[in-house]
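A, B, C and D label the chains in the order they appear, each numbered from 1.
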Amino acid sequence: MLRLVVRRLLQLIPTLLGLSVLLFLWLNRLPGGPASAILGERATEAEVARINRALGLDQPVYVQYWRFLKRIFELDLGTSTQTGQPVWDEFATRFPATVELSIVAILIAIVVGIPMGYLAAKRRGGWLDVGAVSGSLIGICIPVFFLALILKGIFAVQLQMFPSYGRLDTGMDATDITGFAVLDGLLTGELDASLDAMHHLILPAIALSSIPLAVIVRMTRASVLEVLGEDYVRTAESKGLDKRVVRGRHVLRNALLPVVTAVGLLTGSLLSGAVLTESVFSFNGIGNFIRTSIDARDYPVLVGFILFIAMVYVLINLLVDLAYSLIDPRVRVH
Amino acid sequence: MRIFKSGAVRAITAAVAVGLIATGCASERGKDGDKGGDKDTFVFAGAGDPGSLDPALASDGETFRVTRQAFEALLEHESGGSKLVGGLAEKWSSDPAGKVWTFNLRKGVKFHDGEAFNAAAVCANYDHWFNWKGTYQSSAVSYYWQTIMGGFAKNEDKEAPKPNYKSCTAKDENTAVIEVNEPSANLPGGFSLQALAIHSPKALKEYAKQDATAKGDAITYPKYSQEAGTVAGTGPYKITKWNKGNKEVTLERFDDYWGEKAKVKNLVFRTIDTEAGRRQALQAGDIDGYDLVAPADVKTLEKEGYEVPTRDVFNIFYVGMTQSKNPALKKLEVRQAISHAIDREGIVKTQLPEGGKAATQFMPDTVAGFSDKVKTYPFDTNKAKELLKKAGEEKLKIEFCYPTEVTRPYMPAPQDMFERMKADLEKAGITVVPKAMKWAPDYLDATEAGSCALHMLGWTGDFNDGYNFIGTWFAGPDKQWGFDDKKVFDSVNAASKVTDPAGRVEAYKKANETIMEYVPGVPISASPPAIAFAKNVNPPKVSPLTQENFAEVSFK
Amino acid sequence: MALLSVEELSVTFTAKGRKDSTAVDGVSFDVDQGQVVGLVGESGCGKSVTSLALMGLLPGKGVKVGGRAEFDGKDLLSMSPRKLRDMRGSQLAMIFQDPLSSLNPVVPIGVQVTEILERHRGLKGEAARKEAANLLDRVGIPDPTRRLKEYPHQLSGGMRQRALIAMAVACAPRLLIADEPTTALDVTIQAQILELLKELVDQEGTALLMITHDLGVVAGLCDQVNVLYAGRAVESAGRRELFAHPTHPYAHGLLGSIPRLDAPRGEPLSPIRGSINDRIAWADGCAFAPRCDYYTMECLTGTPELTEPRAAGHQVRCVNPVLPKPKAEVSA
Amino acid sequence: MTKKADKIDRLAELMQTSEVTSGASLWREAMRRLKASKMAIIGAVIIALFVLLAIIGPWLAPHSPSAQTWRGEVFANKGQFVGARGENWFGLDHLGRDMFSRILVGARQTLMVGVVSMLIGLIVGALVGVLSGAAATLGGRTGERVDTVIMRFTDIMLSLPSLLLAVSIAAVMGQSLTTVMIAVGVVQIPIFARLLRGSMLVQGSSDYVLAAKALGIRKKRIVLTQILPNSLSPVIVQATLSLATAIIEAAALSYLGLGNPDPAIPEWGVMLAQAERFFDNEPMMAAYPAIGIIITALGFTLLGEAMREALDPKLRG
């Protein structure tokens, strides 16, 4: 197990290096620079030229790249041209937000999706099955931002059940330790802060969960159907075991293997969704920030982000594999 | 959930369930708290985060809106107007040459950190800025200082403007004298800018210790400007907290304020980047007011009983022409034809909030120097056709750029405005090639580099002086316009040299007339930016310069 | 009276968009206390379906089950699912064909054994584990306590089958149904497993319903043999009787098609021609007719009845049975 | 003699009547199941209608989709819009254009975006997939290396959130319909590549390929004649599903302001993004394009899912 971990982490290095090169060449193709993004309509040629010089953007690419690499090794991602703050700080404030959002979304998807998929499979062809399947299909087909807008319009603006934007109520000055609002609340004992953060998370999380939910429902359904046909389920039945045991130990335990992988692979799509939901609920997460960074040609942020995300991705897949090897003994051997 | 018994997931289910219920209750509490009559926190939503808590380092409205509540400049504009009045200086005067400016300072003013305000403090500020080094000299950081006062004591960049600031001397406790090398149209208006607001000398010493660094690829703002605590001004509020994660700046009433104290104890600025988002937050009762209201929402909100005052117009929206890009534009008839072809009134009627005005020249009628004798180009498609014919350009094909992902006070809905004008031009037989670009940086780069034959831009005035408008475009050759016309440039520059106010206004009028004879572009409209407040709020006097003073705000 | 008596059992699959196919078409047979009964036939003749029907393991949807199957007086087919659930594993147990796929890959053997003990014998924790170990020991798995912790993929084929058997006999059922228990194993193991089954049955006096296509197995084990064809018993007799005098052309063919050590040298094997797919509906006549060398017009008119043309208790479903002079004696 | 004859006839006739279990080929079986599934039928019908609309829509349109004919009647700044009425069945948009005509004409653009971007993803992805699949199945050691490199690359692409990838592509190429299509298409590439490679590996290890190898058939031929054809079915399914995602992603890009530069040319995604601003004043303006997008996407998804189920032996029931 440890060797797996190490191997993966080592694999990460060349990936990241290659990525960073590609990235740099790529970014260099972006027209325009941060200068006029900073100055707005007041920009004049001379100004722009001077700022670019100040930012060292007038030097050739390889020089910039080398500088960048040097800094990377000092674990310094540089400074955002938009906010004039270290990229680390910007990430520190925003990544937790998005992670929190994604986790809640995934939880919703799992807690709702797996039972739904299971029932659908058990009652194949029944109304519940049709409902679950068509529901999940529609879930995929509604543009996330549209869903988010509607949820917000109804539950935040009309019914005022949930806040319409942000991560925390105004003046709810929660002490910030980890950046995970909910967690912080629990750590510092400011429970109201936790709840408030939760409260802010729910609507965006629901919007964000639409696609993962759909995926999980269909994955679960498919693989439960498959497992139900397996001999060992028949064996279990032949032993006259309780429905509960058959379902839990023999059907689900096997059926969930592929679902685990699916969840792992969802991270990418989650972030895409986050870009949209965050902008609808002006939720101060990384997705929205990166989008504006692309517009503002905020090179340091983009580079930092992509390296970061690649790392996250690899790590998540690693976790998935570990989880996998925990539930599936066959994997442990080889 | 009965069908689901696997331990872990049961736990999760429970957790989420609890979470939902609990938060439900939490929300109840929250809402009740808000509805309580004795409300002591006013929440206002802007469209973007402030860049820094030190206005001297900023050039954007979002920053100034926040700092303006905590910092005051020597001069201010009358509440709700654009007339220059005393700020920290009760009276001011200049010598005939407009080179020596004398300020009689207000007495008994205290800074938030307890320091006393006096002439020495004023000079400390001006000298602090004048002696800026390194990255501070980048125009990204010290844009306004450089526009008003030119360069620095030691310019590190040969292309930086040469310093116009000469000295500041404290004649006595309450008299400060600021000298400049050349008279400038930017004075005295410049003294009113937030960027030149007065900080506590104690704070300045702190500032000086920290440097803005340009590390390789970006400008890092100094620490003091990124967190509350160090910065200290004289305003009715003092900045107490900046929670970046929550996009929330908190200010607290300053009880030793020299003037009328703020009515609401806590003032909070938050960021909601979309128009719809801000409106919905207001409707949902999450905020008490917001700026940059979409015209479409003004009526809606008014109907629903919200306070939606609109400001006087103090901006101009125009269609720029880049003659170097499309030679046809060099012909006067073509420029006139385009001016005739566009239905300004239509845009005003359907796109701008009430109070919007069709423009006749490159400044709104609220600016001193506005002339009612300029040549006008009323909407007349046939006339346009004739002119094109006369110019031999019946088959004119022209590229028209417009920005996306942006709204500006002067152009609330760029794309819609563009589509209308496109339709107009096509009626007049001009083939329009549309080109959409992201506002920043693509569009701004393109227009500023003169690569868009036709484009839409605008300007919001910093202070009431004509040069602040026409000066920015027509003081000399500029890639954006791509023409070189001595008559136009001279008229503008001449005006800026006139030192006596009345005479200068007249000169601006002349300049406007000359410009509109030449029609370098088509002034379209001036749009009054609306600002919205909750039903239970007594709004502040709204200012054409968007310089609202939130100390005036109170709850009904 | 018989422990299990099956009368006119019929199973019909009704898949949507397909015409119904009848897998079991009126099978009848009895199993007495402690008796070993064989169901023999080519694959596809409906023997496995029969067993699943008895255990109530056929899918609820798309299947029609008819007839009766009385297990000491109670009809299994009409019994409530809950009741059946209680009987399964305790009263009647089953052993399946492919031991690997029949064991849950992600659950340790131990758990798979103990769960049945918990369910039917109320054993918990340590007790259950001990008993499980005994069971494994009894079915001849060395070092049982270690095996309990292992997963199916870590066991050899033979051991897996032994484990399955252990589960089946865990609650000393009165009827044990073995569906091709040895086909997936190689010959040496086959013999061991059959031995094991035999002694278990003898010890416990458990009745065993042995389902197989392998006449060798039958010869070695069964007291009573039922030959199935196209979902119907075509011949039913005691082992010796059947092997001595296969009377239905099909049974006759089957026996003719296995090589015999004591056959005169040079005598050719006589395989049955065609496959089980070329047949006609029992309703119309004898399903075997298309493959039969002796079929007459009579065979093609109406379902042939079971008769006892040769000896009492030796039932044959044929209007034109083979009644040649007996061949050499069977070696039991 | 005759006796024997008619007994044979009788037998033959009876065998006719009795059902014979035939082993249909995977594809025929799949088609049969496809015809049986409601999902497939509904999906197919929706798609058919949509395509029809895309083809003849422009001729059905009662008014010009781009002329601001009634712009005097719509006051976006006062939130005054014109809803459905005799002359304009779906009402007017925010610039006084006939919504109904715009929806009709928009169908074509929308379909084009979907199809083109799907094709980009499919073609490029397929090429990459075949390359690494082929390399992996019979390329030996070097082949494996090639394969790992390619797969590592697709992994990277997959790891980047597709939308952000698309946005950055758009940032480089500037705003245009082409950009949107390319951006959406590129995002699909790794998916197709991985898919094709995956099923090629499965096929590659199957007996008939081993047999072919054993017979010493040239590798290229094996790939082209044996492996590839048998690996295509999942790709076809994915292609159908991609049409749906492509249309949705395109809408998302428009929402992020990267849509068609000339809004006069109607496209559902752009229309939705435009109308979103007036959602509270005139919800229907957003509803029409939204519903259009959702239903269309649904159509493709339904068909795709049905195909997947039909082709997946495990899910037979």
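In this section, contacts are C-beta pairs under 8 Å (C-beta built on N, C-alpha and C of every residue); 3 or more make two chains touch, one makes a residue touch a chain.
This is a predicted model, so every value here is computed, not measured.
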| item | value |
| --- | --- |
| Innermost chain, taking as reference the mean of every protein Cα atom displayed | A |
| Cα-centroid distance, chain B relative to chain C, in whole angstrom | 89 |
| Inter-chain centre distance, chain B versus chain D - centres from mean C-alpha coordinates, in Å | 47 |
| Centre-to-centre distance between chain D and chain A (centres being mean Cα positions), rounded to whole Å | 25 |
| Computed distance of Cα centres, chain B from chain A, in Å | 36 |
| Chain B residues counted as touching two or more neighbouring chains | 276, 405, 438, 442 |
| Where chain C touches two or more other chains, by residue | none |
| Multi-chain contact residues (two or more partners), chain A | 31, 125, 149, 153, 253, 279, 295, 297 |
| Touch relationships between chains, expressed as pairs | A-B, A-C, A-D, B-D, C-D |
| Touch list for chain B against partner chain A, complex | 1, 3-6, 9, 12-13, 15-16, 19-20, 22-27, 29-31, 41, 43, 49, 51-52, 59-60, 135, 138-140, 143, 157, 159-160, 212, 214-221, 226, 241, 243-248, 250, 266, 268, 270-274, 276-277, 280-281, 283-287, 405, 408, 438-442, 444-445, 448-449, 457-459, 479 |
| Contact set on chain C toward chain D in their complex | 16-17, 19, 21, 277-281, 284-285, 289-290, 295-297, 300 |
| Chain D residues within the chain C interface of the complex | 3, 6-7, 10-11, 14-15, 17-21, 32, 36 |
| Touching residues on chain A, where the partner in the complex is chain C | 125, 230-232, 234-242, 245, 249-250, 253-254, 257, 327-330, 333 |
| Complex contacts: residues of chain A adjacent to chain D | 15, 18-19, 26, 29-31, 124-125, 133, 137-138, 140-146, 149, 153, 218, 222, 225-226, 229, 265, 268-272, 274-276, 279, 287, 290-291, 294-295, 297, 302, 306, 309-310, 313-314 |
